[in-house]
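Pasting the structures here.
In what follows, chain A forms one complex with chain B and a second complex with chain C.
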Partner chain A sequence: MTLRSQVLELPDSPEAVFQAFCEREWCDGLPIIPPTPERVEAMLASVAGDAEESLGPLPPLWREATLEKLAVNSVMAGCLPEFFPVVLAAVEAMLDPAFNLYGVQATTHPVAPLLILNGPYARTIGMQSGAGCFGPGFRANATIGRALRLILMNVGGGWPGGHDMATHGSPAKYSYAIAENESASPWASHHVELGYAANQSVVTVFGGEAPHNVNDHVSTRAAGILHTASDTAATLGSNVKWYLSQSQLLIVLGPEHAATIAADGFSKDDVKVFVFEHARLPLGTLKLGGMWGIQEWPDWMLAVTDDRALLPSVASPEEILVVVAGGAGKHSAVVPNCTFSRAVHRPLTRLRA
Partner chain B sequence: MSPPDCIRVLSPVGEVRRRVLTAPALPPDLRGKTIGFLDNTKPNFDKLVAEMAGLLRERFGVKAVVHRRKANASTPAAPEILAELAKACDLVLAGSAD
Partner chain C sequence: MELAKGGTPAGLIATVTFQPLAVGQLQALGVGGLPLIVIDHPLGGEKLEGVRRRAHQAVEELAALVGVSR
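Up next is the complex of A and B:
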């Protein structure tokens, strides 16, 4: 296998390699696995495709996402070779024009691509879908999400304060990857809803904020939990609703909340309609700040004059994604998108048989 | 072969393959030229354009100013807007005013 990347010779100590990569602004501030040619070759051997093959130029600096560069960054992140097909599918998805990666990389908004893995491969590689799935402790989640961030920084060129102009950034920019808890879901899982077979493995990328907590410890009916979720979703400071045509909401229901909602006879579509109808703010509240005056709204919303009128956060119930994830407890999460990027999904196609 | 006690590692930085386009030099004199502004919709950019348009006409003899607005700040300008500005203008200014 011929690798083309520039080779550095560094003192063979973890501290020296880490220091060298930090000095060059080649890492996220956390220690890395040294990307030796042998480790990069092992990563590449896990997928179909040549090292030189590019998935496309990555914004904002339009540098090529070659399999070799994606592998170098995945090694650095601590990925096992079997994680690499997931990283590739996510990069393919982020390069779909609908994801608007240029905007996601360059904006002042604290957006990070959330990776959601569906299907059997999540279980094969131990991607956490249960307790603490957004948090630390799980190598697949932590390193796959971190690999995406290193790729966005080192290949795309999105360095904080440079081409990544996020005002604060976000903890989600370190790593943001989960699997759906399919076995705990009372409904068809997200990828089946998209038209894939249950035994296919599919990556979805969602340009979202960090999760907003939905604490409902008291409701025993669907309506109570979904009122709490809707209220969490409808806030003046969120981008969602201002650029309506690309506003999307991801509702991550904890298994206990999902069970309560389903026991009330709600389908997943019912959940979406309920949140669509209730995640609303009155016109008078919207006039207080946020992006009032520069919003991108359809004509019917711009024509509303009654300050009591409740205006929607997304254009239709179909713009609300619902997945089940997490462990025991009466919590769910709302992830608003950045409103200039749409969720994109890709099946895992590069698994080497 | 690496020296003893050294490790060989690969750079993670991507490389550009696309052909690099070079922007033409700015016109030395703006007299009689048409200047475009690509408005990113952020607050006050429209006011900035109005002010600058006046200055460009009065002080630099600019013939015309074309002001076009994107759909929103974070998505690319529509292809038809770019085509129109490219056809009508000698120089286009894009910027943010937030």
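Up next is the complex of A and C:
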């Protein structure tokens, strides 16, 4: 296997390697695994494809996402070779024009691509879907998410304050990857809902903010929990609702909340309709700030004059994604998207037999 | 960019804070010579007078770029 990356000769010490990568702005500020040729080759050996094959140019600097460069960054992130097919599927998904990776990379908004893995491969590689799935503590989640960030910074060129213009950044930009807790879900899992077979493994990328907590310790009925989730989803400061055609909400239901909701006879579609109908703000509140005056709304919303009228956060119930993840406890999470990127999914196709 | 490649005069307007991103884009997309008009940051949340000042800045820079004395 011939690798084309520049070879650095560095002292054989973790501190020296870390320092050299920090000085070159090649890392996220945390220690990295040195991407030696042997490690990069082992990463590449886990997938079908040649080292020089490119998945496409990555914005904002439009540098080619060759498998070699993706493998280098995956090694640096601490990935095991068996994690690499997930990284590749996520990069393929992020390069779909619907994801608008240039917008996600260059915006002032604190958006990060949340990776959701469905299907049996999540269990094969130990991707956490239960307690604490957003982290910390789980190598697959932490390093796959981190590999995506390093790729976005080092291949794409999204360096904070340079070409990544996020005002504050986000903890979610370090690493943001979970699996759906399919065994704890009362409904069909996300990828089955998308039309895949249950035994397929599928990555979804969602350009979202860090999770917003949904604390509901008292509701014993679906409506109570979903009112709490809807209230969390509808806030003046969120991007969601201002550019309605691109607005999406991800609801990550904890298994206990999901069980309560399902016990009331709610399907997943019922959950979406309920949140669509209740994650709303009055016109009078929307006039107070946010992006009032520069919103992009359909004509019917622009025609509303009653300040008490409740206006939706997303265009339809279908713009609400619902997954079940997490462990014990009366918490769920809402992840609003950045409103200029749509969720994209890709099956894992590069697993080497 | 497509306009410029087709021979129509075209350029880019950016605030000073976004100038590095704009320059990076022009270079990465192979149109580094495209005119770049730089105005004060920010644009959002500015009162009318601030918006007018930036519009004047843009016009002055545009006039200089096309060689028109004002």
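The definition used in the following text is that the second predicted complex is superposed on the first by the 353 of 353 C-alpha atoms of A that agree within 3 Å, B and C clash if a C-alpha of one lies under 4 Å from a C-alpha of the other, contacts with A are read in each partner's own complex, and residues count from 1 in each chain.
Quick note on the criterion: a residue touches a chain if its C-beta (ideal position, glycine included) is under 8 Å from a C-beta of that chain, and two chains touch if they have at least 3 such contacts.
Computed from a predicted model, the values in this text were never measured in an experiment.
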In the superposed arrangement, which partner chain does A:Leu10 touch: chain B (first), chain C (second), both, or neither?
first
Which partner does A:His191 contact after superposing on A: first (chain B), second (chain C), both, neither?
neither
Could you tell me if A:Glu296 is touching chain B, chain C, both of them or neither one (first, second, both, neither)?
first
Touch count on chain A, higher of chain B and chain C
B
Partner chain(s) touched by A:Gly162 [first = chain B, second = chain C, both, neither]
second
In the superposed arrangement, which partner chain does A:Trp62 touch: chain B (first), chain C (second), both, or neither?
both
Which chain A residues contact chain B in one complex and chain C in the other?
61-63, 157
Footprint of chain B on chain A - complex, ascending:
3, 5-12, 17, 26, 34-37, 40, 54, 57-58, 61-66, 68-69, 72-73, 76, 100, 102-103, 107, 109, 150, 154-157, 243, 246, 293-294, 296, 338-340
Sort out for me which residues of chain B touch chain A in the complex.
2-3, 5-18, 41-43, 71-76
Under the stated contact criterion, what part of chain A meets chain C in this complex?
60-63, 106, 157, 162-163, 165
Considering the complex alone, what residue numbers of chain C touch chain A?
17-18, 20-21, 24-25, 28-29
